[in-house]
């Protein structure tokens, strides 16, 4: 499979090379889209689909004539999930490659490490990472496409409240995603009148979380359990949860919203709920849902092109690229200040992840409602509404 | 004259100075300056680590921990509590020196793999604390750091400065400041090496038994050099924090400790120029390998392995010996 | 109360058994060559990922495991021949860096060939856990424990009862003397690496149903294995087993009773304390300084 | 100068040294002889602080030195060489000797780092004295050679030079003549005599009987870790126990 994608990549490279040679004869300079993603390393399950999405759609847009009559050129570096490398590559994109806009940053750490550079250089930057700190407080040049972890926490707690749960047990990974998710959950729990009565953590590379789950099980009055984390950790938590035969309703975060999680967790995932983008359940979306055609088109295109199933994370990259393109088109140039302003002005853009309504004090543009609550039934995602 | 220069202990410092100050004449790209500054920071760190590893022959697989404490202490003190950066840096160095002294005393009694294990454990504990104390450190997602400033004068990569009437952009200014710091770091280290203290340190590497019989208090000297190398790391960590503007716990991680020690071994233990070149190589390699895409990791591992197999003394000493051999040979023939 | 304790204990022993198996792999190589092989974790990875890959080709699980283990042994022998043997007189640090380079290289290749995803290896005997005194124990944990025990016993017999095993031990004690009595030390070293790879890959397959498997799973396991080996005392088989189990139990107990955030820190502090008072670990050889 | 009383050292149940008693006076050349494995080197290691006695008392100028680290003994004027030479192969010959003067140097960390004038003066004096010593032991032509490039015999003398560099009051030499040829041994004998003439107490472990008998003021003969005989070379030569041990046993 890896071999096949390599061959394909070589093919794509050759194709883009020839087309760009042909085109460059008459067309203007290409528009440079810079990107740094965690394509390898512990966060590769984020960066890998993100890069695939960017490559695929840049190619597609170029085939359709590009943007403003100019071709797109994707310049990408792999930060291996390391924030310092992310910072260096961001610097390279800004100063050496002199890109027009950056779409990237798979993890919050990588994004935040690049923020001082993009802010000082005045470079429009669309991050694909989750934590709310990226856009709160608002930074002039920084936007992001995924819903914030705060929204995920709100959505989960909303669903819990709806089902009448008041006391919950929390278990979270100590990696960036889990730690930030834990913080946000604890922060918003009060608003929803929910009490976190057990608070456990695990390190992202742990191989057994039975001890922590035992503590939660033995805490009095727990109505439901929430796990905030990503990577293989949550799958192990799910397995341990089932093995311990804990009968309480179980929630995961959007960090595991991909089919590979179902594969890893197997039958143990049965009945758990999580907030996710509609990408996982395009068929179950009601006909009138404006996102339905977008989501279906992306899913079909991705799966046909890469021969592997879509994940929520690739969707973030899709939205990031499309927002960039829309802003550049609206600005009519790649003037950075103009593009930034147009990004801020985006209203009602229907993406894979949600419907974006940006503003001067909202550089994310999504609401918690863009998360759909899914439940695992019969080994597949089912929309709960 | 030339003969005297060749035999002078500081000759390479002159060469180094010429190189680092010639760079602004030929280099324009701000990104290259960014890399060069980082290389200088890390090179100064490994020059300090080399005192411990290369000269005193003691392994540390946890040095990034000290680098991390320096960086985070400076970051928190300046950004959260508004301390002046220089004060924060000095206090951080003192704190790190104290920590290194306290843990170094018992640890340095260990030898070989047990010493590597213990230093690794210390580094890990530091990294775990930084990672978990999110209230202060921002946790795994890291924290922003205020720019470096001294008496109201702020040093920023994006600023514009004038130096004797010449316009110097921020990234060049940072580079020049760091180049001077690197040279100072190297000169201080070389002075230590060439002093009685350095002799005692090297004797610990050469024969600890001999050292003890002539009255070297090996325990004291080991912890002294451990503290010195930790302070080097701490100061450079502080500088990096201000330069980078954002730090994450990755700079205190085990992986980073391995990177540091690899720079020392790869370039050439007990050779300041060697470890500097080791830092240059290891810092630039990922930038060159970025073109290899998914093969990057494998190629990197291969280069690392092959260099150490064929040049176990490090590439700089190997190259120097090679050139010397050639010279001697051609001299003999003439 | 007791069921809680029992649960932590089960968890600790399961994790600990994994660490112990990795630590044993370190021990074999250390005994034969005084090298700490930081690529030890890659053997586990090859065991797990190899099994997944061969099963993906439609090979039945058992044979897939055998093939994966063989592959790991080949890699182990190649590592000794191509990387360790040419650098025989290098410093301790240099050897450490070589094995680290090797581990990065192997990981890089695995990532290209097998991809970056996490994979499941099916449990050997179903997912239904065993219930005991209010605590649960995975059947796979039983497999880890029993295969671990079998391997340990087999190793002890191998090193004490067979000629080859004694040759390995002899080589570790005195290379020159071993050569004088006709032991082909190069052969023995290759064998030690092969054996260590065998042990590692079997461990890798056995724990894969619990931990999942991916190209980078080896990094952490190797680290914990090294910790366990040093805790028990490098070179001691008993030390490796005790060190591993102890480390696992301390981690689980800390996570259960004290703080899951600081469980790794507690484990590392324990190592430091042990080393302060017993500079050669719990069961390490006590040697007198010769001058 | 050195008084040893009731000295015992047990290694895993085996008595390496048992009930040893003797004393060495200031300015003597005092030799310890005995068959291989008699415990001579162990005795040296006990006196110089590398081993801690199981029982017994060792005093240096009236002060008990049991359990004292080698470096603290060096501060009290004790220095030694080794049967298996301990030379720092990562340094030059001269640096090895200069290392011997470690305790004579007062400059600390700061003067080292900033290379203050006091350090400079001290180093120059140290270098001069070390060069003299290298001439004294006959290594004058190796001054800038790397230790790793020197011959065995030269290294043996270098080790003595390093020990002398500390201006020791008592010098312990462990088999200094081992591996040397007749000429070299003769030179060594002369060297030891010169050292002793300067008032340094010398303790010697040696197998070369001609050397030992020619140079020693007193001898201690040990066998199986126990004292067999003690006395002047003349007394030892005629001691029936010694003759039995050497010829018969």
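Odds and ends about this structure:
Lettered A, B, C and D in written order, each chain numbered from 1.
Heads up, the rule we're going with is that contacts are C-beta pairs under 8 Å (C-beta built on N, C-alpha and C of every residue); 3 or more make two chains touch, one makes a residue touch a chain.
Each chain and its UniProt protein: B = Amino acid/amide ABC transporter membrane protein 2, HAAT family; C = Amino acid/amide ABC transporter membrane protein 1, HAAT family; D = Amino acid/amide ABC transporter ATP-binding protein 1, HAAT family.
Since we're looking at a predicted model, the values are computed, not measured.
Counting hops only between chains that touch, chain A reaches chain D in a minimum of 2. Counting C-beta pairs in contact, the chain pair with the largest number is B-C. Inter-chain spacing, taken between the CA centroids of chain A and chain C, is 36 Å. With centres taken as mean Cα positions, chain D sits 41 Å from chain B.
Each chain gets a centre from the mean of its Cα atoms; for chain B and chain C, those two points are 33 Å apart. Centre-to-centre spacing of chain C and chain D amounts to 47 Å, using the average Cα coordinate of each chain.
Shown for chain A are the residues that touch two or more other chains, namely 2, 40, 174.
Contact of a single residue of chain B with at least two other chains is seen at positions 132, 209, 294, 296-297. Along chain D, residues 50, 82, 86 each make contact with two or more other chains. Chain B contributes residues 188, 191-192, 195-200, 202-203, 205-207, 209-218, 224, 228, 270 to its touches with chain D in the complex. By the touch criterion given at the top, residues 53, 59, 103, 106-107, 109-114, 116-118, 121-122, 124-125, 128-129, 132, 209, 254, 258, 261-262, 264-266, 269, 294-310, 312 of chain B touch chain C in their complex. Listed in rising order, the residues of chain C touching chain B in the complex are 30, 36, 83, 86-87, 89-94, 96-98, 100-109, 111-112, 223, 226-227, 230, 234, 261-262, 264-265, 268-269, 271-272, 275-276, 279-281, 289, 291.
In the complex of the two chains, the chain A residues touching chain C come out as 1-2, 40-42, 44-45, 48, 174, 200-203, 205, 207-208, 210-212, 214-215, 218, 231-232, 235-236, 239, 242-245, 260, 263-264, 266-268. Across the interface of their complex, chain B is touched by residues 2, 6, 9, 39-40, 77-78, 82-85, 87-89, 91-92, 94-96, 108-109, 112-117, 120-121, 131, 133, 174-176, 179-180, 183 of chain A.
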